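The following blocks contain the structures, represented as structure tokens.
Two complexes, one shared chain (chain A), two partners (chain B, chain C).
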Partner chain A sequence: MLSMIILTITGVLVLFLGLGKGKNFILPVAGLGVLTAMWSYFHYNPIGDQWMKGMMSMEAIPAAFVGLLLSCTLLIIPFLNRYKLRGPGELGDFAGIILFAVIGGMMMVSHEDLMILFLGIEMLSIAMYILAGSDRRIIQSNEASLKYLIMGSFASAIFLFGVGLYYVATGTFKLVDFKIISPEIFAISIMVIFAGLAFKVSLAPFHFWAPDVYQGSPTLVTAIMATVVKIAGFGALFQFLRHQVMHTGEWYYWLILLVAISSMVIGNVMAFGQRSVKRLLAYSGVVQAGFILVGFLHLKDENSWMIVFYLVAYVLASLVSFVAIYFVESKKGSDDISEFKGLFFQNPFLAIVFTIALLSLGGGPLTAGFMAKLFVLYHAAGLGSPLFVVLALILAVISMYYYFKVINQFFTKEEEATSEWKLDWTYQSVLLLISALTICLGLFPYLLTQWIGA
Partner chain B sequence: MMSPILILIIFCIFTGLVQLLAGRKWASYIGLASSVIGLLYFLFLLTDLDLQAGLMYPLEFKWIPGLEVSFSLGMDSQNLLLLLLVFLIMPVGQIASITGSEQKSTAYYCLMSLGQAALIGFFSAQNPFTFYLFFELALIPFYLMVLMYGGEYRRRAVFKFFMYTVFGSFLMLAGIIYYYTLLPDGGSNVQWATMNSMPLGIENQYWIFAALLIAFAIKSPLFPFHTWQAELYTQGDRPAIIIIAAVLSKMGLFGFIRFYPLCADAIQNWSYFLIPICIAGILYGAIVAWRQSIMTKILAYSSLSHIGMIAAAIFTGTVVGIQGALFQMFTHGILAASLFYVVDVIIRRTGENNIYGSAGMAKIHPRLAVYFFIIVLASVGLPLTNGFIGEFYMLWGLTEKSIWYGAFAGLSIILGAIYMLRFYQKSMFGDLQTEHEPKWHKLELTEDYVLLVSVILILSFGFFPATWMDLTQQAANHLLTK
Partner chain C sequence: MNPELLIHIILWSPLLGFIVNGLLGTRYNHTIAGTIACLGPLAGFVATVLLYFSFNQPISFSYYKWFGAEGHFNIDFSVMVDQLTLLMLFIVTGVGSLIHVYSLGYMGHDKGFVRFMSYLNLFIFSMLLLIMGSNLVMLFAGWEGVGLCSFLLIGFWFKNPEYNKAARKAFVMNRVGDLGFILGIFMMGMHFKSLDISTILSSLDGIQSNDPQIILITLLLFIGVCGKSAQIPLFTWLPDAMAGPTPVSALIHAATMVTAGIYLVARMGGLYNLAPFTLDIVLWVGLATAFIAATIALKQNDIKKVLAYSTVSQLGYMVVALGCAAYSSAIFHVMTHAFFKALLFLGAGSVIHGLHGEQDLSKMGGLKGLMKSTHVVFLVATLAIVGCPPLAGFFSKDEILAVAFSHHKIYFVILALTSVFTAWYMFRLYFGTFQGQYRGSEESKSKIHESPMIMLAPLFVLAVLSIIGGFAGMPEIISQHHYISEFLKPALADQPHHVSHFFEYTLWTVTVIALVSIVWLTYKRYATSDPNVFNKKENFLGTLLKDKYYLDEIYQTILVNPLKSLGSWSKNVFDPVVIDHFVKLPGFFVTEAGQGLKPLQSGMIGWYIMSMTIGLLTLIYLFLF
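Let's look at the complex of A and B:
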């Protein structure tokens, strides 16, 4: 609880700093705030602690998601420095809103009560609607914000409907210690709530907003959508389902399987012909969400490490990808695939880290993505769905095709000589750190799995 | 104590990093030096070779804790020759990339060293999972190398190669995961050496072997999965192609050997259509090679033919067949690298990838002509060259299985002689056009050395095959005991 208070205070402070002359302090203060929040979260919260009369909890599993959420925010903050170039006051708003979104995410992943979950979702979503439209001079950004708002509100309404049904079926908003009065309504409520949360993590068939919003938003905001929102969404989904799964029937298995397969198939098919790399990664995000969902088959607390590992791999890779797209876009003015032509000969560093990130997304060996895919597929194979494993692997090959279509461009030399360009050392060192982590987790997965309790 | 194999792998990766930092001028020389040091160190390891000891220089540690998967390397009688092949071929690739006219970026040389590390890991892997890991990993450096340099249409060619192979290797992963889930202890103790003792039901063998068959047939390649080959060999960057043709094409075949104990019954039950398909591939490759006039395409189709023969010999499941296959994998590696190197030497002078482009070269470069002739004779399978022993054993094995297999596969020797001698005749003899003469500069010292060494290897393995045949016999016996 203390960590949320710290984050709130930091957020407000950052907003005020943006008004005055302290623009240079915004990012250090924000980073320090996140660090302090992280420290206080893990230091002052004995495992099993409950806050607000049991509406939120601190257990090992939410703690893993919260840690991931905060460290991911910490990795994004340095890149926000680029927003200093824009009008007065904008950086402060930007950083403050991100911090509020993270608080919403923390509420989502550690909820024990559906009211808290709803508050968290709204807090995160409203912040994201604003961020999506933050490039207000550009019409695509406005469009993205509006689309996100309308679709997101619709999803929230569906979610609330599910919460209502849940109340009818159990007579409480609590996730634990309840009695099911009407099993049918209870089943429907789980499905409806699942649909509402699936929208947030862009699982097919609830993914239609993702490509447009990813493409229209400023690229750094897209990076936040692909990382913070996904972590929060999957954390919430996990926290919600792990208490409910023992009350569900066989339909749960088929629901998860169906949504996972449809995400993988639809995402792959749609990503195939994309010219815009941001759209391509949006669809690839749908595929990855499908893979993460495989970890929800036969859900148990012991499986959580698999989901967390996959999220870590995905977050690391997509962070690098979107940041790299951001730099190329601001250099060349577009995220069309042809703008990446010859990237290796212009900026070898960026090309190499982007290649590692794309390899990890595609499941190339010795990257975190490979291990992550391996874990979930092993899990599925162990449950006796070999056909599903083969299907997932074939889809993984198809996804290799479009990742390598992008990588191919990096190593294609342009006819006319192009000038080389470099990144700041701060950006370089953060990107290097993330890439090194990706490779390290691919080589030695136990570095992470022992922390998250495999 | 550190395992020498791991030291070699780390050494190659380290070289790659040093090359990245060293800059354009030195990277290539560092790569060459490191590959030669690697070869010398490996030869030093061979000096206290103990054939009876079983697994040498083993290394094993628990790798992925949740899944009971371990990482395991080692040297045994089956992979020794192929590891030797890797260490022998890498310097050739390095030299070819130095003497190439175009200046390449540092990353290219770094990738070559990383590729060597992956290949060493692949051939010394001791369990299916490590095997898969390096199988996939070895692909990426060579993919990027060809992507960066080579002919005009290289991107299409290498992308096709990449997608084919990745498709195969993911199927292989599915097969391996399935195999591991079948094992009682989750596969924590799987080793090639102990695979015999854990037989699978025939139904499971069929599924696993089907997945592996597609993966390895694409990688080798076997007819009819060869369509990526000729295009890649023609368009690719030649130093990389030397290594791909010599070593990467053995990865699939080596996979058949490694997984033989696991799928022995499936292979035997299916051999009645697998071997005929392989023989069809042998004859198809030979006939197509006969009618080609592009040099690299001749070599590509001749590779297809030879590799089909090796695969057929493995599928016979006889001791002599597998012995011949193991030895021929090594031999074909040496010969393919030498032939591609000769083609590289010729193309660098004539600028044409056509057998008629270098007509009359024997008059200006008699030494090249002599080296080339010996290499051609070896690849035709003349006695007293290294090409003979492998072919002989493989045909013996095929004939043991059925006289018809032996007869049809034997045709490939005649066809091989036809297309290789045609290749030699058209490219070396014929009328010399006088305006060519000044462009065809002298044989450089490095080129001379590389060809000399390969000729020495060809003759010495041809004259003294006994030690190596003992080794392969031990390997084959070990593979076939239940």
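Let's look at the complex of A and C:
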């Protein structure tokens, strides 16, 4: 609770700093705020603590997601420095809104009550609508924002409808200690709420917004969508389902399996012909969401490490990817795949970290992505769905095709000589840190899994 | 000193030498690099001596958990030193150190000197891993390591394509053996639920003799032995391996690596005792190898080739001893053989060095006056290998002959005949090289020089060892203490053998008489100035032997060529027609599907929302109704 208050105060402070002459202090203050929030979250919250009369809780599982959420924010903040001089909007507003979105995310992952979940979703979503449209001068950004708003509102409506059904079925908004009055309505409500959350994490068939919005939004905003929003969404889904799964029937297994498969298939198929790398990664995000969902099969608290590990791998990789796209885009003016031609000869550092990130997304060995896929598929194999595992493996192999299509461009030499360019050392060091983590987790996954387990 | 510390020094100092020289060797001059390289095995040897004096019971400890499945099956990176390991340590670090020192002189002018020395260090490390590993996976890692080093060193002069071919041949034939070995390891893992050697050997109680599983395991392991220790049918790589620099032939292809197979069987002796069937096969393979290799050696003119076939033949002796379950006799012969065969190879190297690369016997002769020291040590080694009393080879070979005799007379007869051949080709080699008249040109004669002291010093040490090495294992008619077999007793699973004293005396007398007559015959024939003696036209049998029974050609025809045609068929037909289409098909489908589905992502919000709603309704319908 204290950490959310700290984040709120930081957010307001950042907004005011943006108004005055303190522009240089915005990002340090924001970073410091997130750090303090993280510190207070893990030091002033005994496990089992409850806030707001039990509407939110501090337990080991939400704690892992909150930790991930805050560290991810911390990794994004340095890159916002690029928006200091000429960004889509005022930097103060931008950073402040991100902090508010993170508070929403924290509420989502630690909710014990559907009202808090809804509040969290709305806080996060509204912040994201604004961020998506923050580049007012560009029509695509406006379009993305509007599309996101309309579809997001629709998803929220679906979600609220589910909450209503939940209330009808149980007579409460609480996740625990309830009696099911009508099992059928309860089942429908779970499915409808699931659909509402599936929209947030772009699972097929609720993924339609993702490619359009990813492409239209300013690229660093896209990076936030692919990381913060996914973590919050999956954290919320986990927190919600882990209390409900014992009341569901066999259909839960098939629901998860079907949605996972459809996400993997549709994402893969659609990613194939894309020329815009942002769109391609949007579809790749759909596929990855499908893989993460596999961890929800036979949901138990002990499985959380698998989902967290996959999220870590995905977040690290997609953060690097979108940041790299951002840099290329601001250099060349477009995110078309041809703009990446010969990247290795212009900026070898960026090309190499991007390659590592794409390999990790595709599940290449020695990267965190490989281990993540291994863990979830091993889990699925243990549940006796070998056919599904084979299918997922084939799809993972197919997905390598479009990742390599991009990587291939980096190492293709352009005909005319191109000038070299370099990144600022701060960006380089953050990117290097993330890539090193990706490799490190690919080699020693137990470093993280044991830590989560503890 | 603390035994564990000594073991650390023995195991890691050669690796340290390899790493330092491998990374930095080109930064400083040859002297420093050479010193660093020699320090590795020398430190190991000193530590081995110290370890021997403080040794009272087997030591084993684990460095760390290598890999495993929790609670079921764990492989540690662990070492074990018992009596057998200790003896092997003496051979590997002792002979290894001498050969390192020798290489300083032999390879000193080579451009790849540092690379050579670092490979030698790596080899010593791998060999140590092989003999010190306490489980079969460690042993296998060392086994592969020595195979790799052998490959690197045979092809050391990689600019010559013939040498590369020889290296490849050695590697591929070893792989064939390794396949057997690794399958054997898998079988053992399944059967014993452990790969720890002492665990396996202590869980053998209650297994019936000739249990089919045990037979299969032992046979698979023996395939590995055939590859590494150059037994029929996998021995043809060893003579070709002489393409490497001579110290390599001495160290790897005579003294240590090829004995790894002998070590493996001796180590797993308890297992082999349970499979008399396999032991019979081992025995016959050893007999055939010893005999066939000795006959081939009779007609070779390249001095290193003669020694190579002699090595194969001597390995055959050791395998015969293994087949008789006389493991300590085999290890005893490993030891003495390491001394005199290393000496022979290094002596031959000294000759080749002095003659500026000449290896053809028909162009040598009369070198005793020109290379006095080399001549003396080579003579000692020759006497040792042919089994002249009381040199090292006499006692170890005599023991194997006696063991064979106690099993069956026919085994003895074959081995005795082989010994006659051995004496013949060794004296042919000795007289051809050192006695008679020089058969090369006068110009080349003036350039002949004796090798430098740094090469001769190791030769003298080895000569002394070849003379006295056999006293460690004197038969009971001379001494009550057979030191080697008593020392090794706790580590090996020997079966008892009894030979009458009468047989021993007879054998010795016959040996001496036969030797004297062979010496006389070969002297008459090969101490000559006429090169045609070595190049004369052979009759049918002679040609057959000279061309090594056409084994290489036979392998080429029945194995290599069919495999090659299969390969080219796959490349030209199977791959483009079947595989390519199979691979392209899914890609085609997915691309087409992507194009077909693109209109779904139309950008129209209404359509998106409708799709989502339909999706949700479908889910609800599917799972509730």
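Note that the second predicted complex is superposed on the first by the 450 of 454 C-alpha atoms of A that agree within 3 Å, B and C clash if a C-alpha of one lies under 4 Å from a C-alpha of the other, contacts with A are read in each partner's own complex, and residues count from 1 in each chain.
As a working rule, a contact is a pair of C-beta atoms (placed from the backbone, for glycine too) under 8 Å apart; a residue touches a chain by one contact, two chains touch by 3 or more.
Small disclaimer: the values here were computed from a predicted structure and weren't measured.
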item	value
When chain B and chain C are modelled together on chain A, clash or fit	clash
Partner chain in contact with A:340 - chain B first, chain C second, else both or neither	neither
Contacts of A:214 with chain B and chain C, given as first, second, both or neither	neither
A:240 touches, of chain B and chain C: first, second, both or neither?	neither
First (chain B), second (chain C), both or neither touched by A:195	second
Partner chain in contact with A:401 - chain B first, chain C second, else both or neither	both
First (chain B), second (chain C), both or neither touched by A:310	neither
Touched partner set for A:269, first chain B, second chain C, both or neither	second
Partner chain in contact with A:450 - chain B first, chain C second, else both or neither	first
Stretch in clash, chain B with chain C, out of 25-33, 79-87, 313-321 or 367-375	79-87
Chain A residues contacted in one complex by chain B, in the other by chain C	394, 401
Chain A residues touching chain B - in the complex, by the definition given at the top	305-306, 344-345, 348, 359, 364-366, 371, 374-375, 377-378, 381-382, 386, 389-390, 393-394, 396-397, 400-401, 404, 408, 411-413, 445-446, 449-450, 454
For the chain B and chain A complex, residues of the former touching the latter	63-67, 105, 107, 132-133, 136-137, 140, 144, 147-148, 155, 159, 162-163, 166-167, 170-171, 173-174, 177-178, 180-181
Residues of chain C touching chain A in the complex	586-587, 590-591, 593-595, 597-598, 601, 603, 605, 608-609, 611-612, 614-616, 619-620, 622-624
Residues on chain A engaged by chain C in the complex (per definition of touch)	147, 150-151, 154-155, 158, 184, 187-188, 191-192, 195, 199, 204-206, 208-209, 211-212, 251, 254-255, 258-259, 266, 268-273, 394, 398, 401
